[in-house]
Structures are given as C-alpha cells and as structure tokens.
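Across the two complexes that follow, subunit A remains constant while its partner is subunit B and subsequently subunit C.
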Partner chain A sequence: MITVKDLYKSFGENGVLKGISETVEKGEVVVVIGPSGSGKSTFLRCLNLLEQPTSGTIVFEGQEITGKRFDEDKLREKMGMVFQQFNLFPHKTVLQNVTMAPIKVKGQKPEAARKRGLELLEMVGLSDKADSYPNSLSGGQKQRVAIARALAMDPDVMLFDEPTSALDPEMVGEVLAVMKQLAQEGTTMVVVTHEMGFAREMGDRILFMDDGVIVEQGSPEELFGNPQNPRTVDFLSKVL
Partner chain B sequence: MNFSFWSGYKASYFSSLWMTLKLSLVSILFATLLGVLLYFLKTSRLGYKKIRPLSLLASAFIEVMRCVPMLLLMIIVYSGSKIALGFNFTSFQAAVIAIVMNASVYICEVVRAGIEAVDRGQMEAARSLGMSRRKAMWLVVMPQAVKNILPAIGNEFVGVIKNSSMASVIGVAELLFTSKNISGATFLPLEPLLVAAAFYFVLTFTLGRLMLWVERRYKVSDNR
Partner chain C sequence: MTKRSRSITSKLYPFALIALLLAIWSGISYFGVLPGYMLPSPWAVARAFVKDFGLLMDHTRISLWESFLGLFCSTALAFVLAVLMDRFLFLHRSVYPLLVLTQTVPSIAIAPLLVLWFGYGLTPKVLLIVIVCFFPTVIGLLSGFAAVDRDVIRLFTSMGASKWQILWQVKIPSALPHFFSGFRIAASYSIVGAVVAEWLGGEGGLGVYMTRVRKSYAFDKMFAVIFLVSIISLLLLKLVGWAEKKAMPYNQKQKS
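Let's look at the complex of A and B:
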C-alpha cells in the first residue's frame, strides 16, 4: 500500500532521515519505536507530506506522491493523522471538529456527516460530549475525538504520531483501547509510540529506528524476544 | 472657566463631531481591509524562485509608510494630487487616504502577529484532513486569529480616531478644526478646546468598551 524507497530528509545541515526503504501492506499494523530524535516522527510526517522529503520516493496506492505537482490534499484525504498534541479545533464543538472536513473537503451533506460523526463519537465512547468544546475535555477524551475526526474522512491508512505521549498515565489506556479496536477491524496503521505493551500486543511488525535509519525490524516476538542489533538490545533494555 | 459659548455653538460642535465620526469610521473600515490585504500580499508565495513581486511590493509599502509622518503624508496627498494624478481630492478624501495608508500598515502588523500566534499544529491538523491551505486558513486559523487580533486592533482604531484630528490642517471641518474656529470667534483660548477633548474622550472610550464587549463574545468557546 505504501512503498518508501531511499527516503532522505534533512533540515538545513541536519540530516534526520538517512535512507529509509520500507513497505506497508494493506491491513498491517506497523509500529515504529526508537529513542527520541531518531527520526520516527519525521518519517511518519513524510508519509503524508507534512514534511517534504529531501530525496527518495514514496508510492501510495500505486501513485508516486513525491513527484512534482502531486495533489497533496487528495492524498491526505486518504491518510488520517493523529497528533501527539491532539490539535483539535478549539473554536468548534466536538461534533463540528469531526464533521468539518467531510463537509468542507468531501462535500458531504451536513446531515449525513452529522450522522456519521455521531457514530464515530459513539465508537470512541464520547457521544455525550458531541456539543461540548474541546477545552472542556480531558487529554484522553481529546485524543479520542482526534481519532474520530481522522476516521470521519474514511482514510485508507491511519498515522499515529505518539498519540499517548502527552497524556496523563491514567488516560493512556482509553486511547490505546480505541486503537486496538481499529487494529482488530483491519485498519492499516502506522504507529509511532513509546508504548511497548501496545507494540508487542497489536503490532504486526515492529520497526526500530535510530539515528535516521531503520536499524532492525521484525515481528514483535522476534524484535522483543530476540533482538539482533546491539543498539536494539540497548534501547529495549532501557525501556522494558 | 467660561462655558457660556456652548449654547451658541452646540450645532457646530455636533456637526463637527459627526464629521470626525464619519472620517474615523470610513478610515477604520478601509484601513482594516487594506491591512488584511497587505498581510496576504506580504505572505504571498506567488513568484519565481526567491523573487516574489507581490510580497516585495507590500514590504516596500509598509516600510515607506512606517517612515513618513502621517501629517506630512496627508498634506502631500491633498496638495500633490493635482500634479501627480491630474485631479484634486477633496480634503475629506485626502484625509481618508492618508489615514488609511498609515493605519493599514500597523493593522497589517497586528493581523500578522495574531495569525502567527495560532499554534502551528492547527494548520497541520487541518491540512492532514485534506483541506487546502486556503480552506485551512479561513476555516481553522483565521477564526482563532481573530481572538488574538481583536484586543490589539482596538488600540489601532482608537489611534485612527485621534489621528483624524490631523485632518484639521487640510481644512476638514472636524472636531479640532471647528473648536479652533470657535476659540478664535469667542476669544477663549482654552474652553472650546476642552469641549473637543471631551468629545474625543467619549468617542474613544466608547469604542474601547465596544471592542472589549466583542472580545468577550469571541471568547465563549474558551469558557465552556
């Protein structure tokens, strides 16, 4: 579904991604782990072109998206993204947050979008908050709304950029529960996270990144049970 | 203090108050429009490589306007229009043009600060949902920027009202112009001017309160 080849990204002199080649299959849950500053988030943000890759190619559903004059907006309709800082729209109610893009981008009828929005809010367990404003929600609730908002566009892939890192510990579970449900429904997901429990339980494949490259990858059993690279061993010994 | 002239000149005061109000409101309206336009020109990416003519033009305008005294600008517009453009502006038109040129530059700056204060994540979230840059700007960033802009732009509006008194120099019959005339006619050096000051105070104070009220209404979503 997504094929990345020789992806490089640098900010000025500072190289962040140093040659990444990777494929994500339909229905797969790929979890990216690694130390801070290893380029995990940048890698994720390159996938929906929030960061322009310096060089390399990304092919999504048979189309090269890194080419010139590619319609980024159309691409992003098919890739949902969930951010560490939620980024809900504070001037809109929870339901409006969810229905805004379907109405304004896809041109859905407000009634249809509203119905779908309420379904999604039901799914993340927040139907009763539909008319509240984001500022009155807890972090966990905000992140669940953000997930519903991304799902409202019916994306083919969901990208999660450290979705639980900004949450109080007792709220991590509720967000992970929603993500697990998505994974079980067969949603294609790329998840950058520090939640090793989630990675081990839900990941079809784990990528370990360090210093801008994918150092090692494999199934959770292989990577957590029998890591090969010394850097992976070192990282896992610190976080597990 | 002798305010006995008041009853005789009441009508002149009120008609000049109306003139000040008209001058200020028209100027505020156009200065705001031009200020926003300047911001979009300044941030426009239209152009070839590093050369962005619209952005360059806007920046040049802003720098020049910042450096020319408004009173001088007003006189230049008033007395120079015949030579430069071939026709005369009325003194009212010249005053509006000069105030708008001057105030829009500062309003542009207020708008810029207000928009840039909106968290970058908002634009990213909107774009990640497939919105174009323009849609994201109008639907997500701008409504939030307005909240940042309002308090500061209120000050600019008050400034416009006060600066409108400069139009007295080119003969617009506004508050200062009229009260100076009254001062001359009554041989009272101070009192007619104090009346004008009181009128300015009422105008600016009312506007300040009005802006506060609008500001509060915009904050609704913060409190729920």
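Let's look at the complex of A and C:
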C-alpha cells in the first residue's frame, strides 16, 4: 500500500532521515519505535508529505506521491493522522470538531457528516459527549475525539504520532483500547509510540529506528524476544 | 484585607501620585517659584480648557479623523505585508531589515519632506501616521504568525485544509493577541503622529491649535491641549482594549 524507497530528509545541514526503504501492506499495523531524535516522527510526516522528503520516492496506492505534479490534498484525505497534542477547537462541540473537516474540506452534507460523526463517537465510546465542549473532557477523551476526527475523513491509512505521549498515565489505556479496536478491524496503521506493550501486542511488524535509519525490524516476537543489533538491545534494555 | 479591597487600593496608588504632583505644581505656581507665563497654574490650565472647549473639540475632530484614516490604512497595509512576508521567505528576509531601518528615522524629520511633497492637506498627515503606526502592527503580526503552533498547522494540513483555510482558521486567530499588543502601541502613536504632522501646517487639528497658542504665548492653552492629547491617547488605548476583548472572548476566559 505504501512503498518507501531511499528516503532522505535533512533540515539544512542536519540529516534526519538517512536512507529509508520500507513497505507497508494493506491491513498491516506497523509500529515504529526508537529513541528521541531518531527520526520516527519525521518519517511519519514524510508519508503524508507534511515534510517534503529531500530525496527518495514514496508510492501510495500505486501512485508516486513524491512526484512534482501530485495533488497533496487528495493524498491527505486518504491518510488520517493523530498527533501527540489533540488540538481540538475549544469553541466547538465534540461533534462539530469531528464533522468540521468532512464538511469544509470534503464538501460532505452536514447531515451525512453528522450521522457518520455520531457513529465514530460511538466507536470511541464518547457518544454521550457529542454536544459537550472539549474543555469538559479529560486528556484521554480528547485524544479519542481526535482519533474520531481523523477517521471522519474515511482514510485508507491511519498515522499515529506518539498519540499517548501527552497523556497522564491513567488515560493511556483508553486511547490504546481504541487503537487496538481499529487494528482488529483491519485498519492499516503506522504508529510511532513509546508504548512497548501496545507494540508487542498489536504490531504486525516493529521497526526500530535510530539516527535516521531503520536499524532492525521484525515481528514483535523477533524484535522484543531476540533482538540482533546491539543498538536495539541497548534501547530495549532501557525501556522494558 | 480582601482581594477586592486590595485591588482597589492598588488602583488608588497612581491617583495618589497624580494628586501629589498636582499639589506640587499648584504650590510652585502659588508661591511664584516660576512665573505664570512659564508655568501656568493647574487652575489656569483648567480654565483655558473650559473656555476653549468648543474650539478644542473642533480641532480634536480633525485630528481624530486623520488618526483614524492613518490607523486604518496602516493596519490594512500591515496585514497584507505580514501575510506576504509570512508566506514568502525571501520577502521576509529582504523587507524585514528595511522595516527596522524606517524606525531609526525620526518621524519629526520626515514630516517636512512629506509636506514638501504632498502639500498642507490630509495626505501628508495620513502618510506620516501610516509610517509611524505601521511598524508595531507588522511586527506584532509577524511574531504572532511565527508563534503559531506547528502541530496545529500540521493537523490542518493533514486534514486537507488549503493554505487560505490555514491562514484564516489558524494563523490569524492565533496571531491576534500579538497583533493587539502591536496595535495598542499604534493606536496611541496615531494621535501623536497626527499632532506632529499638523505642527507643520494645515487648516486645523490639535497640532495646528498647539502651534497657534504657542506663537501667542498662551501657555495655559498649550498645557490644556497637551493634556487633551494624552487623554485622547488613553481613551484610544481603552478602545483597543475593549476591541481586543470583543475579538477574543475565549482569551479572556482563559486568563481568569
């Protein structure tokens, strides 16, 4: 579904991604782990062109998106993204936050968007909060709304950029539960996270990144059970 | 002491100081430390203010109109330039130093040139106000745009928002507090700018009045108009503060 080849990204002199080649299959849950500053988030942002790669190619659903004349907006409708910070509109209700992009960007009818929005809130367990304002929600609830908001665009792939890093520990579980549900429903997901429990349980494949390259990858059993590269061993010894 | 009464007392301090200064000033006049034609007593100034009130209001109307026009043009220009500078990096790099440079030239020095080029009408006055007020507004907006949370822009981009939508929905709303801190300065500069421009000639305005009374050595009237200009500046500041609250009711709630 996504094929990345020789992806390089540098900010000025500073090389952040140094040659990444990777394929994500439909329905696969790929979890990216690694120390801070290893380029995980930049890699994720390159996938929906929030960052323009310096060189290399990305092919998404058979189309090269790194080409010059590619319509980025069409791509982004097909890739939902969830960020560390939820950034909900404080002056809009939960439901309005979810339906805003489909109405404004996709031009959906408000009624249809509303119906779909309620379904999604039901899915993330927040249908009773549809008419509440974000300020009355906990961090975990806000992040679940943010997930519903990304799903409202009916994306083919969901990208998660450290979705639980800004949460209080007791809120992490409810967000991971929603993500597990998505994974079980067969959603294609690329997840950057520090939650090793989630990686181990839900990841079809784990990528370990360090210093701009994918150092090692494999199934959770392989990577957590029997890491080969000394950098992987070192990192896992610190976080597990 | 309750919080409320404490805040009232703290508000009384500046008034107490002003009262003290007025008392000292009255004392100086009363005991003839300085002759009355050099420093008229507060009462003389107040009398002059009341006597010339109608005339002062006529001139105020003219100056305020110039200030308003200048402020309006400079704000519109500031918005356009700030948006363009934020959008195009080369523009930011090339224009920014020039903007700073314009601030090093004292406005009182440019004013005669403007009169030379544009005559004694409205144009040179409005232009001078634009030159004076433009800078704080542009700088406010630019720093506001620069301070926008990158993640919010990323979020909007990831949802397929266009550059315009990001500008209207994200950048301008979140730059508003910065804009207002610049605009507040611009508003108080605008009336001063109008007065300075009027010094150099024209049909009317507080600056023209000021020159006339100075030439006739009517220093009581001179002081009266100086106070009037300060009061107008303060009122403009209040007005901007009110507009700021109206424009960003959500900001207010967060602070309290």
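Throughout what follows, the second predicted complex is superposed on the first by the 240 of 240 C-alpha atoms of A that agree within 3 Å, B and C clash if a C-alpha of one lies under 4 Å from a C-alpha of the other, contacts with A are read in each partner's own complex, and residues count from 1 in each chain.
By definition in this document, a residue touches a chain if its C-beta (ideal position, glycine included) is under 8 Å from a C-beta of that chain, and two chains touch if they have at least 3 such contacts.
Every value quoted in this text rests on a predicted model; they were computed, and no experiment measured them.
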Superposed partners subunit B and subunit C on subunit A - clash or fit: clash
Touched partner set for A:Tyr133, first subunit B, second subunit C, both or neither: first
First, second, both or neither for A:Pro90, with subunit B first and subunit C second: both
Which of subunit B and subunit C A:Glu77 touches, first, second, both or neither: both
Which of subunit B and subunit C A:Lys104 touches, first, second, both or neither: both
More subunit A residues in contact - subunit B or subunit C: B
Contacts of A:Met153 with subunit B and subunit C, given as first, second, both or neither: both
Partner chain in contact with A:Val192 - subunit B first, subunit C second, else both or neither: neither
Contact residues of subunit A, present in both the subunit B and the subunit C interface: 48, 50, 73, 76-77, 79-81, 83, 85, 87, 90-91, 101, 104-106, 149-150, 153
Residue ranges of subunit C in contact with subunit A within the complex: 149, 151-152, 154-155, 157-162, 165, 250
In the complex, subunit B residues that touch subunit A: 119, 121-122, 124-132, 135, 139-140, 143-144, 221-222, 224
Of subunit A, residues touching subunit B in the complex: 48, 50, 72-74, 76-77, 79-81, 83, 85, 87-92, 100-101, 104-106, 132-133, 135-136, 146, 149-150, 153
Subunit A to subunit C touching residues, read off their complex: 45, 48, 50, 73, 76-77, 79-81, 83-85, 87, 90-91, 101, 104-106, 149-150, 153, 159
